[in-house]
Amino acid sequence: MRILVSNDDGYFAPGIAALAQALSEIGEVTVVAPERDRSGASNSLTLDRPLSLRRAANGFHFVNGTPTDCVHLAVTGMLDHLPDMVVSGVNHGANMGDDTLYSGTVAAATEGYLLGVPSIAVSLVSKGASDFSTAARVARDLAVRFMNQPLRQPMLLNVNVPDLPYEALRGTRVTRLGKRHKAEPVIKSVTPRNETVYWVGAAGAAADAGEGTDFHAVSEGLVSITPLQIDLTHTGQIGMVNDWLVR
Amino acid sequence: MRILVSNDDGYFAPGIAALAQALSEIGEVTVVAPERDRSGASNSLTLDRPLSLRRAANGFHFVNGTPTDCVHLAVTGMLDHLPDMVVSGVNHGANMGDDTLYSGTVAAATEGYLLGVPSIAVSLVSKGASDFSTAARVARDLAVRFMNQPLRQPMLLNVNVPDLPYEALRGTRVTRLGKRHKAEPVIKSVTPRNETVYWVGAAGAAADAGEGTDFHAVSEGLVSITPLQIDLTHTGQIGMVNDWLVR
Amino acid sequence: MRILVSNDDGYFAPGIAALAQALSEIGEVTVVAPERDRSGASNSLTLDRPLSLRRAANGFHFVNGTPTDCVHLAVTGMLDHLPDMVVSGVNHGANMGDDTLYSGTVAAATEGYLLGVPSIAVSLVSKGASDFSTAARVARDLAVRFMNQPLRQPMLLNVNVPDLPYEALRGTRVTRLGKRHKAEPVIKSVTPRNETVYWVGAAGAAADAGEGTDFHAVSEGLVSITPLQIDLTHTGQIGMVNDWLVR
Amino acid sequence: MRILVSNDDGYFAPGIAALAQALSEIGEVTVVAPERDRSGASNSLTLDRPLSLRRAANGFHFVNGTPTDCVHLAVTGMLDHLPDMVVSGVNHGANMGDDTLYSGTVAAATEGYLLGVPSIAVSLVSKGASDFSTAARVARDLAVRFMNQPLRQPMLLNVNVPDLPYEALRGTRVTRLGKRHKAEPVIKSVTPRNETVYWVGAAGAAADAGEGTDFHAVSEGLVSITPLQIDLTHTGQIGMVNDWLVR
């Protein structure tokens, strides 16, 4: 099995090293990841300049672009064969609820999905210094399962793994995305040159973290797996907006 | 009515000037937009550095960040009151089908929506040098309608306007997002310094442009209005993935 | 007379508007400046991506690059004729002593000089909100003088103007660059995401600000004019290093 | 001896690996280099955002900033002791004549010099895929010489090494900087999105490459060593500009 690995924390991040290591036990792994930390990159594409592709001493490739750029370039311009899977991560920090919208980790997997490749994004629910081996092993388990029993539909899975030893995981749950409260306001600060600047604030606390959500699963010690799609149409509002326009 | 205006083409773009002009006839307009062209920015947020907010000679504000940063900063750190609407655009070029995922124009409106503000993204379906007055007038019409008859639900509308004189528009259609074929491959090129580089290729041609889609409406000379939401959960796959995991 | 105007504060800065205004009274002015604030850019050139050239509503051109890029592109790729002068500024803040090494304002003028065009960098010695009219008028005076009595040698002048009304200036002095003490250390800070970051510290205080230096002239209320060259060879050390190598 | 190593090609470049390796045989080496290729960065400093300092798997540190930022941050904010030397390189490509003005490699050494540390910039005169071991060994030789016989003056040496086996080097020459002809014009190009862009052109050919210059030494198979200083005052023009102003 050929597996393309990417992330948004940069090719040098420990999370991607753990992931590549775990997946190389079961397939042929190619790593193509951003040359610098692109957390928060969402699905951004670089359109105003061309991309460079380089190879690090450890064999990982890196691109001066976004996670989406990396997968796009690898699949359409670098690899000889379409990969059998794209696996993105292991992200340092959760990607749950509305966060998925901003996440570069999820975006890398989404680009794989849009290019016709079954794709998985894997994130570790942890804020501190972290051990990525559990999450990497979960990713490998899913890849093995996929290899043995491929899904017949296009697949884009968003996986969040509790920060526990592998043996302490309480299982797996298929979930829907929860919701967060509004983000915290920007934080005003003054630079040493006396200029006012603003840091983007923290994500909001979970608002819908009830039964069935990713937030809930993880809080129970379960691996959360959310199948995603990319059609943002609010089908339920089409009639209402129609009425509104003719009133 | 207080209206926050943003875009992804940059605060200096003619599309945002036309939009601000049209909306200032019906409300109090504040413009906060990126200092440079951020097309393709998607929902990316700037997390590794703080943002600066400046004011141009014409009163527009600009931020050294993404479209999402602009709306986030304006709403949570700059404006005294929550705006009544966020209007993003007028983008130079369509944002239909899967493009919405990559679009900074749609992302600016999405950020407004996530912060609790009814929001509209407006794009002009045109590739060449363009007249933004029709699209700006369409945006104003929608804002007036909203002012007179507010929707009772959270609102995020993606509006695409054909490149026609206002009088030549054949009406308005509420649509779902179409789908595109896979994007074109990256385009390999060599720099004057003899380095191989890759340009991200063009978006794919429309694949699902049938009746009911945004592609179809615009091709008929109609303004396309797609209500959007932001939950990417693939609800229809939850059962299947469950089965898959227990097999 | 054809004058190319650039700066490092960005095309939207009030200092360049004042300069372009003053110079347009005596010649044909073209403005090509960075699209964003590039203070501290030194002579940096953009080599890893191509540059875009755009035109703002007020007729100024802007480039997604450094001050050096702007002058380089304008002279070698945009203007039909070699300009008679390059004038860079008016910078917001002094560029004296060792600062000239880091200054993008001086770099824009240096690029003109390297391309064979007599060039002037103009800076306003002020930290606060500023009136650029005095410095702009000084620049115009110098350009008029140059127009009437061209220098027979290549010319690169670094001009620093005290923050005084034009009538209060006490004259002009030709100076050498002073020296600064070492820069202040970086300032450690913690981001809202709990990451340690470092701000580059302030420039050092003047160390050699004696008679004959730019620091001294300005402190006396005089316009400081320092002729510059670009050969960094330490001629006085050639013998000593030779001895050292054969010991 | 404590040696701080930096470059402008990025911390992952083979040239800095060879340099760190060679110097670690004679002293305690700390590497702090840019996280991405910053060729052409000149003395640029990052003033509008703070810097992050990270540690790669091989022990090298990297900074999301310029070569000047790296040395500035390392010396004023990271190292416990002032280093005994700063060595920058090995750059992939020559830094001779006017190039020194644009070079990030030279700039990193210059920052060391300004902070009171004897500093050396080392470049390999080669365009193709390269063997950096000769240049790294030359750098080590100079460091050993400096360790045994420190210079009594502040020292900033710009070293260019021919692309030859170490044994084939014909010796060392102390040189002055040569001069180049004007740079080649920008190269106009069209992006896949039909936008006109401009690549900065190549450096000009050597114009003053006569006896005594760096160009000349290298062409003879000699290592070129140019002592540099940073005062750009054109002392020889002070009288003439004085006359000009009073005419």
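Note that the chains take the letters A, B, C and D in the order they are written out, and that residue 1 is the start of every chain.
Operating definition for what follows: a residue touches a chain if its C-beta (ideal position, glycine included) is under 8 Å from a C-beta of that chain, and two chains touch if they have at least 3 such contacts.
In UniProt terms, the chains line up like this: A, B, C, D = 5'-nucleotidase SurE.
A quick note: this is a predicted structure, and the numbers were derived from the prediction, not measured.
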item: Both-way neighbours, i.e. chains that touch chain B (5'-nucleotidase SurE) and touch chain A (5'-nucleotidase SurE); value: C, D
item: Per Cα centroids, the chain farthest from chain B (5'-nucleotidase SurE); value: D
item: Numbering shared by both copies at the chain D (5'-nucleotidase SurE)-chain A (5'-nucleotidase SurE) contact, with half separating same from different; value: same
item: Centre distance in Å when chain A (5'-nucleotidase SurE) and chain D (5'-nucleotidase SurE) are each reduced to the mean of their C-alpha atoms; value: 39
item: Averaged-CA centre spacing for the pair chain D (5'-nucleotidase SurE) and chain C (5'-nucleotidase SurE), given as whole angstrom; value: 23
item: Computed distance of Cα centres, chain C (5'-nucleotidase SurE) from chain A (5'-nucleotidase SurE), in Å; value: 45
item: Shared interface positions of chain B (5'-nucleotidase SurE), touching two or more other chains; value: 37, 47-48, 50, 52, 64, 191, 193, 199-201
item: Contact footprint of chain B (5'-nucleotidase SurE) on chain A (5'-nucleotidase SurE) as seen in their complex; value: 37, 39-48, 50-53, 66, 68-69, 72-73, 76-77, 98, 100-102, 104, 107, 110, 114-116, 145, 149, 151, 153, 155-157, 172, 174, 176-177, 179, 182-186, 188-189, 191, 195-201, 225-238, 240-242, 244-245, 247
item: Residues on chain D (5'-nucleotidase SurE) engaged by chain A (5'-nucleotidase SurE) in the complex (per definition of touch); value: 12, 17, 35-37, 47, 54, 56-58, 62, 64, 193
item: Chain B (5'-nucleotidase SurE) contact footprint on chain D (5'-nucleotidase SurE) (complex, rising order); value: 48-50, 52, 64, 187, 191-193, 199-202
